[in-house]
Amino acid sequence: MLDVWKTKETSTENCASPSCSLSEQAIVWVGGVPIGGSSAVVIAGPCSVESREQVVSTAIAVKRAGAVMLRGGAYKPRTSPYDFQGLGLEGLKLLREAGDIANLPVVTEIMSEDDVAAGCDHSDMIQVGARNMQNFALLKKLAKTRHPILLKRGASATVKEWLSAADYLLHGGNQNVVLCERGIKTFDHSLRNTLDLAGVALAKELTNLPIVVDPSHATGKRSLISATAKAALAVGADGVIVEVHPQPEEAWSDGAQSLTFGGFGEMMENLRRPLRAVSTGRGELIAA
Amino acid sequence: MLDVWKTKETSTENCASPSCSLSEQAIVWVGGVPIGGSSAVVIAGPCSVESREQVVSTAIAVKRAGAVMLRGGAYKPRTSPYDFQGLGLEGLKLLREAGDIANLPVVTEIMSEDDVAAGCDHSDMIQVGARNMQNFALLKKLAKTRHPILLKRGASATVKEWLSAADYLLHGGNQNVVLCERGIKTFDHSLRNTLDLAGVALAKELTNLPIVVDPSHATGKRSLISATAKAALAVGADGVIVEVHPQPEEAWSDGAQSLTFGGFGEMMENLRRPLRAVSTGRGELIAA
Amino acid sequence: MLDVWKTKETSTENCASPSCSLSEQAIVWVGGVPIGGSSAVVIAGPCSVESREQVVSTAIAVKRAGAVMLRGGAYKPRTSPYDFQGLGLEGLKLLREAGDIANLPVVTEIMSEDDVAAGCDHSDMIQVGARNMQNFALLKKLAKTRHPILLKRGASATVKEWLSAADYLLHGGNQNVVLCERGIKTFDHSLRNTLDLAGVALAKELTNLPIVVDPSHATGKRSLISATAKAALAVGADGVIVEVHPQPEEAWSDGAQSLTFGGFGEMMENLRRPLRAVSTGRGELIAA
Amino acid sequence: MLDVWKTKETSTENCASPSCSLSEQAIVWVGGVPIGGSSAVVIAGPCSVESREQVVSTAIAVKRAGAVMLRGGAYKPRTSPYDFQGLGLEGLKLLREAGDIANLPVVTEIMSEDDVAAGCDHSDMIQVGARNMQNFALLKKLAKTRHPILLKRGASATVKEWLSAADYLLHGGNQNVVLCERGIKTFDHSLRNTLDLAGVALAKELTNLPIVVDPSHATGKRSLISATAKAALAVGADGVIVEVHPQPEEAWSDGAQSLTFGGFGEMMENLRRPLRAVSTGRGELIAA
């Protein structure tokens, strides 16, 4: 059985044998797409699945612009029971249909232990949301499936707690784990959360699991998605996952942080551009 | 009189006239080096000035590798009065001498209102440290000097509080202000602080002042400096400031986060390399 | 259907009718013990149920010293899968037996949706732990039971998020909800968490649900339990819940924050003593 | 020379001699009032000194209700340079006059090293504000005066950093130090800050210096002052410092957290009342 830690040193309390760690960069295959390989991936789609037209049009648009996987929420974790709770199984099926039309694998969140089977049936990857990162009962059930899991970091989880949550999946037998940094809760509410890119760099040192970054939830602000996505790739992330909506101002959830189709295209363009030059004391510029 | 906010909208509470804001990207010139222009800058040097040999050798090494400015602490803000407090004026003179030898302008922190004159005499740029970001008496004195100021973000300052502190300098008449993000205090102590690169992106939206990033204090961990410096440039920072020491393991302060000369060279090399490719759903790779 | 908010004003976004709020201090009866009435309650017991002898001796000791309810963990939420996970159903039965012997109702945590029925069968009150405060699937299942629920505040939940989680229970039909503050995650790791007693005072303003305080998890430090328990009652809490163990230094979990039997007796004694006097400018002392 | 730590064990890194710590509860005398003795003190007054009438009427009102010291701000640390900065020396003199009329010693904040002499001349105790807790230049100057100092905890200072800041005063020769907890910055903005009463209990374990609590700044909410003040005394604080204003809704600063004269009287009355009873499993009530 493998555990999450890259080296024996970081896992000495837990791990009995020196050979038990993932010894090299893991690649998680999701519907034919490798995450953690030499190229970074872009996952995109709406926060919530709202209608067939909304999710299909988004799937086609993000595919066209270069996304390799479709995201979309059918079961929505909402602070208040009075808020929109998602379309449920109906949403799951619409997401699947949109993915099939655009030829994109799909990732979606489930929140209940009772929905594990449906999640496996209708998605290529199941997301465990930030609020459920330490829902150990759910993790233990998912560990038995071998289905690819996108494990979001809890809003107040340390890097170690995050990797330990992943360990529930590995320990239970499921190595198809991709980590996702989505911002942490801090004193500064200028943005929705505080994006912890140094934490991503640290996690890359500690584990060989692939890591993607969600700048949409981390910032909550459309205008910052492109720059922070670029920074995520620069720090070593294996990909980004962003929210895209045909008409963000009319989205049922998270409109302020959703990119338009045009905005998504611009982000993809920005990810292609090299970094700015660095002026040096040697009287020259280096193209960073 | 100018204020710190880029647009009238963000400064409506404070600002009487629509023409009072910095209307375009400010460039702050420090000893012949422009900060905030089209090229990013790298500032490097020891945490504390310890000896003539230490600071001169470091100055020469970082200049050779491409740094455009020398940093070094003579007055050290330390949690306990029993810790090393810095060499004081003697350290200031050694730093100046090292800068002159290597032909680099120098930046150094002062902590006392009484040291403003000495700071102006012996440095090209005065640093206001994180602990003094809201030392308004010090800011008001520095505002009268017109000397370039590097204003570090307080460890628990919101982006707005940080820019408002800068406003004390601008309001008092000194527009030569460069902001510096150096990590904030959060629940996660995996690293020394939490580097807030999305906060840098936000600050770039709100103000035209140049912003540099200090990955050394933000992470406290040598092995993460290079990756986080690259991410800082990717997110739009105008430069980075890093700690370098001939023998970090023997440094009188902050050894764990100081780069060796070799490590600094590797970081400069890494800043030159393009980002990794992004795999796209269109069957091609884009060189991000 | 009731909602959690005391007044229409605080719940206007969510609540359709002016008559929907709890209009007066709720009392939740747990096995014959009223929580939220004119007297404060003390709940005590071990962190984990470890053996029959351990839990029975503790039950008798805390009953003798004045506790009105027994706590004990059978399903343990642990950061790592390699840590002790609790005795499970076996532990639940031992807890029940100990409660019966000492004539104390029992409260215990469940973590899985699958354990709701067992929790109802074997306990008088089910605890939802901090990590599961926003496990909405679990809350929805518990809402259907009408069983008394002790809802712990998440370590990074705002007061509003905490009350909104309670709203999942009330909205689903279960009004037998007691809130529990157990410390929040902050930058200061001097103690295990930061006890938020002002947050308790605020919650008392916003809702009529009873609130108890857990100084054991909040501080993680045995020597501070008694003083902080007293402060909790002073701020208006309806009771405290504390960890007690026959031999804390040998506890399988949370030993450092568990009181000995003697220490628990001293705490009960301290809760009986009046506050210190206040010296006044009128030349007299008032016995506060 | 003394240091701040109560026992050798907690100060081993810093302290050379076993006899160097404060060996028993310190009492700091301020204009005839003992802080840290067997009775708790109440310090009250306006946030800012605004006019002679405002501060004199407040001084008389709080004295009548039982306060033993007058507070009031002449130099105001404000986030923006466009905010009211205080009346300065004029305010200092008005505060002194009001204290003399009401026969109350006065405490006031200074922010500049240049104002140390004026602060000593016109006050009985100088406050170092939260923003200046690590303004080491100011602390070193104040250490030389022997004037009583009220050292507020920084909004993001750990307990250890707070006590180490006090050590700058003791190390420099001034033992007349009273600590003040005023809330820390956390993710939860339900209130202005998070009041850390367990931190007060911890600090009482670590040092013999007196500690008072400021529930006004900690909560920012008038209706919670009385309950949190009572909790502060219950946890072991040596007193409280609260803001009082003749007409809070017209205060130039901090109106929302200022008590009216009537509200201050009610708080004093509440501090006199015993804690609520505790119901016990032995069929009796103990009057806690």
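We just call them A, B, C and D in the order they show up, numbering each chain from 1.
As a convention for this text, a contact is a pair of C-beta atoms (placed from the backbone, for glycine too) under 8 Å apart; a residue touches a chain by one contact, two chains touch by 3 or more.
This one's a predicted model, so the numbers in the text were calculated from it and none came from an experiment.
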> What's the chain with its C-alpha centre farthest out from subunit B?
Replying inline: C
> If you average the CA atoms of subunit A and of subunit D, how far apart do the two points sit, in angstrom?
Replying inline: 46
> Where the CA atoms of subunit A average out and where those of subunit B average out, how many Å apart are those spots?
Replying inline: 32
>> Centroid from C-alpha atoms only, then distance subunit A to subunit C, rounded to Å. What do you get?
In response: 34
>> Two or more other chains touching the same residue: where does that happen in subunit C?
In response: 156, 160, 185-187, 189
> Among line, ring, star, complete and other, which one matches the pattern of chain touches?
Replying inline: complete
> Any idea which subunit C residues touch subunit B in the complex?
Replying inline: 156, 185-187, 189
>> For the complex, give me every residue of subunit A touching subunit C.
In response: 13-15, 77-82, 111-115, 131-132, 134-137, 154-156, 160-161, 164-165, 167-168, 171-172, 185, 187
>> List the residues on subunit A that touch subunit B in their complex, please.
In response: 33, 37-42, 62-64, 66-68, 103-104, 156, 158-160, 183-191, 194-199, 201-202, 205, 215, 218-219, 221, 223-224, 227-228, 230-236, 268, 271-282, 285-288
